[in-house]
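Below you'll find a set of structures to go through.
Two complexes, one shared chain (chain A), two partners (chain B, chain C).
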Partner chain A sequence: MKKINSILSLLVLVVIMIGCGGDGDRKKSGAMATNAAERVYVAPGEHDEFYGFFSGGFSGQMSVYGLPSGRLLKVMPVFSQDAEKGYGYNEGTKPMLNTSYGFIPWGDLHHVDISQTNGELDGRWVFTHENNTPRVARIDLNTFETGEILEIPNSAGNHSFAITENTEYLIAGTRFAIPSPQRDMSIEDMKGNFKGPLTFVKIDQETGGMELAFQVIMPGFNFDLAHPGRSASHGWMFATTYNSEEANTLLEVNASQNDKDFIVALNWKKIEEYVKNGGGTMMDAEYAHNVYNHNSSTATSTMKKGVKTVDPKDIPGAVFFMPIPKSPHGCDVDPTGEYIVGSGKLAAELTVFSFSKMIKAIEDKNYDGDAYGIPILKYEDILGGIVKQPGLGPLHTEFDGKGNAYTTFFISSEVVKWSLKDYQVIDRKPTYYSVGHLMIPGGNSRKPFGKYLVAMNKITKDRYLPTGPEMNHSAQLYDISGDKMELLLDFPTIGEPHYAAGIPADLIKQNSKKIYRLDENEHEHAVRNESETRVERKGNEVHVYMTMIRSHFAPDNIEGIKVGDKVYFHVTNLEQDFDVPHGFAMIGANTAELLIMPGATKTMLWEPKRIGVYPLYCTDFCSALHQEMQGYVRVSPAGSNPELKWSLDGD
Partner chain B sequence: MKTSGIIMILGSALLLGLFYFPLWNITLGAPQYPEPLGMDIYISGIQGEEEFDIQNIDGVNHYIGMKKIPKPEEMWEFNVFPLVIGGMAGLGILLGFLGFFRKISPNWFLGWFVLMLVLGVLGMYDFNVWLTDYGTDLDPKAILKLTDEAGNPISYKPPLFGTQQILNFTAHSYPRLGAWLMFAGMFLTLVAWWIGKRSLKTQNI
Partner chain C sequence: MKTKSVLFAFLIMAGTMLFVGCKEKSSEDVPETSTETGTTVETSSNRGQAFIEDENSEPNALRTAINSPDHTTLVAAVQAAGVENALVNVGPLSVFAPTNAAFAKLPAGTVDDLLKPENKEKLAYILKNHVAPSNYPIETLKKNVEKGRTLYMASGESVEVTQQGEDIYVGGIKIVGSVKVSNGWVHIIEDVILPKNTN
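So, the complex of A and B:
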């Protein structure tokens, strides 16, 4: 109870602080007082300087914003069904959401990371992960569509996530420790028996294809945030843990007892070598691997078995614990790779570890005991510095490439700029309200583009016109090019952004496809011109090979369908013109529309339930005669024997 | 006569550029087409500026009942023009050589120029006839049938030369590199004639 009381009193203090500081700040920050409006204004028809890829959190999707305007450009479905695009509804994309638990329509998308080469953003892919049903995903930045989803077996609460500096590996940690392998056992017996596996996924440099490489079976702590080493510390990865108490109930109290938890430092190159030389053991596992073919608009889901596991005790010198105060959350590595910033959520200070000191301590074998056989380094030996009185509730840190770090403080609701040279606070600005993650384009790489900072807030309250009890989360854009940060813009975000990744638009925009080429369409049921359109019956399955072009379907009159049939509409958009999608909807279909880009084919299943004549139509206003883009399907009684007929304009 | 012959050879050889570069170009811009659709007209056929421009121009044109942009085998011109251009270039080069070796009078160069001019004008006339047919001979079942103030069907003929507004589209029709090389070549043959004449005069004095 004492702890709760002290936290409560902290909160009261914070409320008072906000109450005092807030008003004065607002008066100063009017758009008329500065030229803030001008600096975020992107004139009609002009393009933003940066792409921002924002996690959608519990929406399961990722959204694309232009920065500095804060304009929403696109929502890309990843882990949740998206009726707008038919993702997870049409036959081609349903397999993307397949898992070892079966089809799952929803996911909790957390962190996002753009692929890197030599520690710099390269704009090939964006990777992300799902917290609830452990999965990782790749989005291809030529189509802005999800290209692959890989389930992570033997894990739960897939949270700590990072990409190594040449995109060699994607790291996926376990937040909710579990029995490994899973078994029927008493929850009370958690301590010492649960595990926190850290999974390494190998990335194919040509395709971005993901393959489960190995799992490091860590003690049953909760692995939270992860970041890769870079430059000097390349080959290492760092991840925070909380609940080193291994509590299984009322974690808000019971997991807040130890004065120090850990950051794990893991030499993955050493473990890779060990596995390459035959180390590790195979464990039973089952996981889905879903791959989307952009040329066929079709995904395949394959169930795979077994995972190579590694016991860290078997590889001396590969895994260490760095003690850090009070339930750390963020774990961020500066552009040089020397500094590892750990944020104890309940600590009054910000701890910065030194990589070179860590290496020295390891060489000197100067340990402070061990936890489950993993050496614990001495706090004083590896400490680089402490930022004193930085704020309350530090969460995440990004870097501007000019020797400064920016840390978010959830409880005191602010972002604080401090120097990596002397650990002195340089500036602090309020956020509205209770900031979680922050993002500087490239701020998690060797080469940050330190012009803007985006704060992603958890609480919105009065920032926008009220929309009932549920408000979209709010983000704030700051100019960080000067000594002091300047708030420029508020904009609402989708779901709950856990992190975002920004990149100069010039690194991506020229790769963005305008159409899918019809002559490269590999869909099993594609047709390339109207003369190939047809309707075929196979028992109670009817396959309609249909095309769409401004402004008609071919065929647009179909007869011979019966109640109880399974009708598959394979619809090809014959257009080869930029931004001329067509949609397809069928009355009574128990699924979403098809939204079909030029040159692509998509498949909808319709199971007619009543006799009659039913219209179909184009759902995406495509042309001056879009309204006329419609057709009819006749449905005859079950058991009847109608002739299969199809036509366009009587032909 | 040597200089004159060389210039005649060069000038007529420039016609061969028409086998590599487009003669003419028509672009169609509209609010919905900030990057205009465009077609390059070569002596042997019509190509889109971008890969799918012809298909997309046909797609737009179907609303007003225009015929599709012709393929090379659908217009005799695309078979005859290369022969005419190749023949004239060959003839001009031959005349240049003969002039170089003083076998013929420079007036032959002028004769070549006049013939080329006549053929050029005929070619432009034919091109204009095709544009007129393309812009006015429309499918009677056309989706959009528009008339002018006098009640006559409006013409969708793109301009032979220049810029013109056609409904939502702005059509630009201008010569391209092949044509400019031809014009330059023809001018050079005139220069060849003039220099040839002058050198003969100097000799005579």
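So, the complex of A and C:
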């Protein structure tokens, strides 16, 4: 028996040795042997080649990474309050989070898309949207600050999101079908009664300003991802649906019953024309439109009413359904605009539609019935090709501009490279773990920069040093310049890196502002030098016009404040030097601290509750005498009548 | 003698697994030794989620199958097909797990043939025909029967769910036991659900 065992063991060893032929090489594998480290290394003082704008998912923020290093450069607050920059806390930015539901402190940011001109990235703005309380936002890539937020009315679960190839429109789809307009009705009566409006937002070409153009009132099929046509298919917009069953409960089972759901194809140019000629009807709506003025560091929130709606049945030839297997997620258009890749997330194959075949099928009016009056194209007529058994759980595809597509597979945790020419799989690499979206800089434009691919994973588990049950999600960077993909780097991200967009740094970095110019400061309560600083009382409101410069506040001694006052500190940073912000904190402030960039003014409300003498100080290490940058405010009893006094060094 | 043959099968299995493992991972660490269970190989994150050491969480579908003495053939097949990582995915997944006896009912030589590296894709397809995305506890399967809902398997094939008395049948095969696992459900079946598509 013993002998047999040892023979068997020997056999196993042989198997192992055969199996792992070339083991000698493998010993040297890993970053040190492959030069992977060198290829992602950005030497101290040097810059990354690409900016990556990563969705923060449920954090409501967007983060900026340098690629290929994976270094976090900044977190840009959009839909959530941010205790680093005071966004949503200070008086100037609070209106940004206003909605028709009131102030929303925490949002769920999903997809991001960089503005394009002629289908190529132009680096002016990055747009994003919020899934929970439907809103879309613009971030200005000269200040890297949120410039505008527009609420999408009569919608829920704003999910389909994309920008057309000249940044003419932004689309915002409805993921959770609802009564439109809202009304009190039985959930069970969903079918046929709930709607899934697809909202088109017009973008101002000069300012990036957003305006609700029209809503196409689609059936309540749950709209998921969207992408615009480009090049040949410019003028069209595509979006997936995953609940053509119109199930209202246990969707994990009930929304997977139909063999096919749909990709909707919309000819938005046709709809635009229809609306321009007076088509469509106004529907009741209420929505907030919040605009931030970078010169005044102040946002305004305006409540607007009414939205132009369009019934797709009223515009023949504008809206069609393309049948696609099993609850699709991604619908991605290749750089030529000819191929539309649908990823049925439960499907065993990837479906690629042909735009030219779609147009022909529409011309021939060769339909396979309709859904709520919207013609359904025949699957076989519009099919370009199928990638067979590519992996499990396809999600999202981007392109390298060299005729290859890259698709993520959630269940089998891998990225698969395949050819648009013959639909054959070229390479597959594991991801760690359960990848959602992927990003190739420019990978959804006419001109991808097919050097790197970032896979964004939903599950982290053991990838990094453990940090308790909650861990940041992982992202992996692959080199895709060769035939085979190579994993170079693994880095944690903030929140859920739901989606990302990348762009060559050269298209942005020269536009990045270094300071706000004091002579362009439009803040209502700005002061431009210390001689203008003062304290004014208006009833129980006290306005402190304060400045900060290395290394003092002016004034730094204030008396005459009373318990029950509302004290507004309007603080201007007089510095005109790159990267010399100052902070401002006041003991007992219930609202915020301030972080103020050079040349900017910000406002904070303080409501003193107790008598005494209270310090204020600079929170951002600004200078050698940062510790000395402090002051006092005296608080007298309510009902007393102290003289209002302010001073700096006794003057 | 029986012990010997079991042991032998076991070692072959371990060898097969390592063989597959090495082939799959071109540039990552590989275990240098096989341990006595043949499945608790050295953890290396780059081999995938299936290889994470985790004593705290509830067992997932793969771990449950590994722990079952009646499913050694299935586990060997999963490993030969290289689909371990899919079975530990967050899912949720419902796995219909044929017993060793179920595989033994196949014509002689079928299993051995399927375990050959050149049949890896075919084997993977058969295995995918036993996995339905989403949670399907027995109560939900009963509802499938009531509502005429078929099961859409990861292979892309739809499989009928039927009921006789209290018993639920999937693709005409009776479910003889069910286990809740961390990433879904495992239902034990005594026949293999052969795919309709045999190409």
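To be clear about the criterion, the second predicted complex is superposed on the first by the 622 of 651 C-alpha atoms of A that agree within 3 Å, B and C clash if a C-alpha of one lies under 4 Å from a C-alpha of the other, contacts with A are read in each partner's own complex, and residues count from 1 in each chain.
One rule holds in what follows: a residue touches a chain if its C-beta (ideal position, glycine included) is under 8 Å from a C-beta of that chain, and two chains touch if they have at least 3 such contacts.
Nothing here was measured: the structure is a model prediction, and the numbers come from that model.
Number of chain A residues touched is higher for C, counting chain B against chain C.
By the touch criterion stated above, A:625 is placed in contact with chain B alone, chain C being left untouched. Of the two partner chains placed by superposition, A:129 touches none, neither chain B nor chain C. Residue contacts after overlaying the shared chain place A:348 against chain C, while chain B stays out of touching range. Once the two complexes are laid over each other on the shared chain, residue contacts for A:34 go to chain C alone; chain B is not touched. In the superposition on chain A, contact of A:451 is made with neither chain B nor chain C. Look at A:463: by the touch rule set out above, it reaches chain C but stays clear of chain B.
Contact with chain C, but none with chain B, is seen for A:411 once the two complexes are overlaid on the shared chain. Looking at the complex, you find that chain A touches chain B at residues 515, 549-550, 575-578, 624-625.
The touching residues of chain B, counted against chain A in their complex, run 35, 51-52, 55-56, 59, 63, 143.
Of all residues in chain C, only 4, 7-8, 11-12, 14-16, 18-23, 25, 27-30, 34, 43, 45-46, 48-49, 52-54, 83, 85-86, 89-93, 121, 124-125, 128, 133-136, 140, 143-144, 149, 152, 154-156, 158 touch chain A in the complex they form.
Against chain C, the residues of chain A that register as touching in their complex are 1, 4-5, 8-9, 11-12, 15-16, 18-20, 23, 26, 29-30, 34, 252-253, 256-257, 259, 325-326, 346-349, 389, 392-393, 410-413, 430, 432-434, 458-459, 461-463, 487.
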